[in-house]
Amino acid sequence: MAKKTFVGGVHPYEGKEFTEKKAIEKLPLPQRVAIPLQQHIGAPAKALVEKGQEVKAGEKIAEASGFVSVPIHSSISGKVKGIEKVNHPVSGRGEAIVIESDGEDNWVETIRFEENYLELDSKEMLERIKDAGIAGLGGATFPTHVKLSPPPDKKIDTVILNGAECEPYLTADHRLMLEHADDIVAGLRIIMKILNVQQGIIGIEDNKPDAIEVMRKAVKDFNNIQVYVFPVKYPQGAEKQMIKAALNREVPSGGLPMDVGVVVQNVGTAKAMYEAVAYHKPLTHRVVTVTGAAVNEPKNVLVPIGTMFEDVVAFCGGMKESAGKIVMGGPMMGLAQPNLQVPVVKGTSGILILEEHEAHVPAEDPCIACGRCVEVCPMHLLPTTLQILVEHENYTEAERLHIMDCIECGSCSYICPSNRRLVQGIRLGKRKILEARRKAG
Amino acid sequence: MNNIFRLSFILAIVTTIAAFVLAEIYQITRPQIEIQKQAKTKDALKYVLPDAQVIVPVTQKVPVKDKAGNVLYEKEVVRYYIGYRNSDTTGVVGYAFKAFGSGYSSIIETMVSVDTSGTIKKIRIISQKETPGLGARCVEDQPVNPKKKQWTTQQFVGKTVDQLKVDKDGGPIVSITGATITSRAITNSIREKLSELLPQLKLASTENIGG
Amino acid sequence: MEYGVFQLIILSIFINNFVLSRFLGLCPYMGVSKQMDSALGMGMAVTFVMTIASLVTWLLYTFFLAPTYQNVFYFIFDTPIQNVPDLTFLRTIVFILVIAALVQFIEMYIQKVSPTLYKALGIYLPLITTNCAILGVAVLNIDMFFKDGLPLPNSFINTLVQAFASGIGFTLVLVLMAGIREKLELANVPKPFRGLPIAFIVAGLMSIAFLGFAGFSVE
Amino acid sequence: MSETSEKLFVVTSSPHIRDADSVPKIMWTVNIALLPALLAAVYFFGFKALWVTLLSVIAAVVTEAAIQKLAKKPIRVHDGAAVITGILLAFNLPPSVPWWMPVVGSVFAIAIVKEAFGGLGYNILNPALAARAFLLASWPVEMTASWVAPKEGTISGIAAITSATPLNLLKQSAKIIASPEKFDPAQLQAAQDAIAKLSSSYTNLLIGNVGGCIGETSVIALLIGALIMFYRHVIDWRIPFTYIGTVAVLAWIFGGTEGLFTGNWIFHILSGGLILGAFFMATDMVTSPITGKGQIIFAIGTGILTVAIRIWGGYPEGVSYAILLMNLTVPLIDRYTVPKVFGEVKSNE
Amino acid sequence: MSVGAEFFKGIYKENPVFRLALGLCPTLAVSTSITNAIGMGAAVIFVLVASNTLVSFLMWLFAKTLSEEGLNSINKIRIPIFIVVIASFVTIVEMVMAAYFPALSESLGIFIPLIVVNCIILGRAEGFASKNGIFLSIVDGLGMGIGFTLALVAISFVRELLGSGQLLGAMIMGEGFKPVLLMILPPGAFLVIGLYLAGLNWIDARKKQA
């Protein structure tokens, strides 16, 4: 079968060789964690603890403040030092519950394995997932229980597990698939049960043959689950592109995967779901790829959420003198951080540290209309036109040309020979348009 | 309604007054305009037939037809002119005619005179709107300089009908540099008109007609 | 000179383009070429009015102004041809009044008959009255298709063809210009060149490119 | 606090990596791709060809630098775009033009056609071609009377028809054959000979041993350059192949002297400026449409206009005007070929 | 405004061609030579001054003689009356030129009758003469007309000098000068006026800075 893919996309340097062969290591207990209240899309969680309170690992320390919100659990045991404003990797600054470790790693007692978890009814499963504080680990950190509660008029027929990991450098999902294939498949079956779906797909890029093999083995007993292999191309992992490649369905402009009967979840999310349903284990840790030419010993690390980047990087031998840029996430969509005093959050898939000479984006030239950005845009937009329209504050025309459909994958900026700040401008335009919409009510 | 009628009436009066004023001025300027219209042809005739005392047009009635071929009316057109040495219209010195050629960007109108043997006496470009500095140089009329191969209307003097071809078509007429279209238009239009007229001109001796 | 229909169409649209070569209709060309929609509307309106105006002025000229065999004085009142009044000197004054009235009529008529068309063309119609392309084509028709006050063969057909094709040629460059100017809105044109100056330079370059049509043999 | 934390790290928004290609790289690749044709020109037309090219390039670069300085913009002539303009303008001039013509042309190309619009990326028309059209309209005599036969001799050599270039020869001969009554038998014979000879001159056309503009005659040298550009992904197939294909088909249909479908399309492809234009000038991304669909429309239009001018127009060659005219339509094409957005519902508009 | 200001505004500050972009067609079409430019300018000055005068006079006359109601109805056909006035003067120019300046008449061609639609003229009649006295109207007409003529001359100066190496028909440039044919072709007109306008903008910007 010819490998299916989508139209557009780019082939950046993969950079996976730093860590793809490194098994996941557990980070030694950090001294202190700062767990931000906002780690997902939606309303921030409300703190349940006070300064001085003792907490155990896995204890709920903040509760969801609405349907589109998730609770937060402590990732270590110790004493609450306070609720403070700390650096936040996404919003710059935000409230976090700071916990001083007692050095013991005491866990709440509720965590235990339940043999017949698959017989639970879907409502119960959903409840456990919600209580475990799971938000999508693929990057968007959208509350998972919301995604799994589609309105009754949307008939879901397929669940896709996203193991593409198309972002260069990152290998967290890759290692997870190699080391926890069965947990992931179990997670997928839980989702299929919840949604009452008969088809499950695990999508992987062909640069991970070992993972493909392992996953194939893991699903061989389930004839309603298949592993799909896609050619390496960024952003193969973007859900709309993955659905297009796997099922040849196009999510309508402005729509969601459920509009074409599909739910997409990251493989890490699936594992977290399995743990939540089968063990009552909340989401307190995640795998983070620490990588880049400026990291002394690149690794995949299992990190308690709230750990400072500094501690994680120190575990990886620290960074080199020549380091010039710290990115949370991959190089295509990741967020640059001013320093290492930021906590790992649920969405932190990697810590990428680039050398000084890689850090600076070259100066911008005028657009020469080469059309490359148009060619690579996976959403078939006109990135250069959109960016210029935003520059001239012509938002009406930008909206007519579907600026809101941009998935901010950055392919356009990546490919542009003039180094135009395309996605950057488009992002700004989208924000302006949303602001205006909000004002208009 | 009444109002519109009244306003139209006022406007009509204003227009009528204007029309009468203009008519008056037209009466004054008309003769002069007519003179100017004829002037170019007259000048050109005088130039190409300098030795003629009287120049008489030979006209012909041409029917003007509509699409279906019905004759609408007849028009009098000049076929050619005869130049007489004496004012009593005796002693033919030559004939003159107009040739029209389609040049680069205009119709080029040329006045041509031939002697009684059908050899060209003189030509003059009456009107043209060719590209200035290029095709428009066709009006140049400096004496022929055998050392310098260049266009001048003087080079037509003494040419017979079969010699009317530009150099690029293998003839002796030196064309304007970079304006072959113009040069060809003039030369060919004279040749075609002349061969059409030759049988009609009362030539002195038919042997002299080139052939 | 006599023209074939195809020849006239090529001539009017490309070679003697109203704007780029004859310099007629420049004000709307500069004024209404900032946006594609209005350019198209203006172009259609001008084409329409040019054709109707040419028709009407041709009739007026032939039947009333010129001392021809079609003159009403000759064929209705039996005036001897030499006594038919030569009113050609009233050409300018008659044409402009007729065009102004015509535009008013067309406007009222369209408004009544087709509100959609009125919506598309309506706003341009009043602007057209004092636009030299309309009077220009009317005068040009007389200059080209009459000789000494007499209509040349196919004068009437040629008049209509020339008017319509010239309108199309006008619309063509107007629309091209609008596309270019919309693009220039987003360009980095140096300050002194912004607005009219660059529009003129575009027109100049357009006119250079249109020289490519020069010399087309259109027999 | 550890030591490293005091260091200031670069914070920019994503993406944090870029493709290695850049505008200067693209432009200099084109310049290199133009070298084979320049060498061929020097071989066939002598060093005069090199001087004309150098003058043109120097004038273009100096003009651009001067204007950027005057406008207090960053000086960016090193990106190589002005060099391309200079070379291509020279390539579109006959080899023995007076020295001041490439200079005036380059100044016009850069000052009026490019910088008045805001410089690189903003011009509407192809600067080199607009300048060529400007020169042709300003000094038609110098632009058309300056053909030199290549060193090795020319394929024309027919006494009655004294034009230097294959296309011109074809056009004149076709005219004669079309109306034989106006010409004498010797001329008719010569014209027929000429057409026969032209049809068997492919080798000369391929290597460039014919009269013509400096850079347009050697098809092989131009194709080597095109290969370099393909290899470096500077251009793609759409414009050049669609353009040449359109010309071939239309020339075959309309270009013959014996009725429809008798045209010598190979000759039409190999002669004149078509190869130069199709690979190096119609492909200028600044002045061609941005989407693939648009590029194909653009190329078909250019092909139609080229053949129309070659066969019915006032000039023997139509490549440059065809490209210029289609340049004018690029904003329109771009406007009406906006790609269908991913997931766009058809009934939406 | 003083009389002088009324006069001079048409020459620079409100120059009809360069500032108001009016009457572009004749400007571009007849600026191939200074002779044409002056001929056209003279025709426009005549029509402008004459129609300004007559319009101003008519409006004064109407105001003097008519009742309120009569004035109102006259106001409705004001523009057509102006057009008739202007067209009459244009026709006079047309006839006089054909009779006494045939060469000029030929090279200005249809742009003489087109003076009728030159909106400088109707614009002045409607915008100025109908509201001002005869004397000021004449001054205004003169100023605008001269401004128009100067713009024409400025453009044709460049086009004639570069395009044919001549000024007023006399050879100026030396033997070696090869005229820039393009300048007297249509594109030259557009390019020259575009560059003039850019130059004026640049001067204005510098003045503002100073």
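What to note about this one:
Here the chain labels run A, B, C, D and E in written order, and each chain numbers its own residues starting at 1.
By our rule, a residue touches a chain if its C-beta (ideal position, glycine included) is under 8 Å from a C-beta of that chain, and two chains touch if they have at least 3 such contacts.
The structure presented is a predicted model; accordingly, all values stated were derived computationally and were not measured.
Steps from chain A to chain C, minimised over paths through touching chains, total 1.
The set of chains touching chain B and also touching chain C is given as D, E.
With steps allowed only between chains in touch, the distance from chain A over to chain B comes to 2. Distance from chain D peaks, on a Cα-centroid basis, for A.
Most remote from chain B, judged by the distance between CA-atom centroids, is A. The interface with the greater count of contacting C-beta pairs, when A-D is set against B-D, is A-D.
If each chain is reduced to the average of its C-alpha atoms, the one that sits nearest the average of all protein C-alpha atoms is D. The distance from the centre of chain A to the centre of chain E, with each centre set as the mean of the Cα atoms, comes to 70 Å.
Rounded to whole angstrom, the centroid-to-centroid distance between chain C and chain E, based on C-alpha atoms, equals 22 Å. Chain C and chain D have CA centres that are 36 Å apart. Multi-chain contact residues of chain D (touching two or more other chains) are listed as 112, 116, 118-119, 122, 134, 137, 140. Multi-chain contact residues, meaning those touching two or more other chains, occur in chain E at positions 80, 84, 87-88, 91, 95, 181-182, 185, 187, 191, 198. Chain contacts: chain C has residues 89-90, 93, 97, 188, 193, 198, 201, 205, 208, 211, 214-215 touching two or more partner chains.
By the contact rule set out at the top, the touching chain pairs are A-C, A-D, B-C, B-D, B-E, C-D, C-E, D-E. Across the complex, chain A is touched by residues 2, 4-5, 7-19, 21-23, 25-26, 76, 79, 118-122, 285-286, 288-292, 295, 338-345, 348 of chain D.
Remark: chain B residues 3, 6-7, 10-11, 14-15, 18, 21-22, 25-26, 29-30, 32-33, 36, 39, 131-134 touch chain E in the complex.
Of all residues in chain C, those touching chain D in their complex are 36, 175-176, 179-180, 182-184, 187-190, 193, 198, 201-202, 205-206, 208-218. Within the complex formed with chain B, the chain E residues making contact are 32, 73-74, 76-77, 80-81, 84-85, 87-88, 91-92, 95-96, 98-100, 102, 163-164, 179, 181, 184-185. Against chain C, in their complex, chain D makes its touches with residues 71, 112-113, 115-119, 122, 124-125, 130, 133-134, 136-137, 305, 309, 312-315, 318, 320-322, 324-325, 327-332, 334-335.
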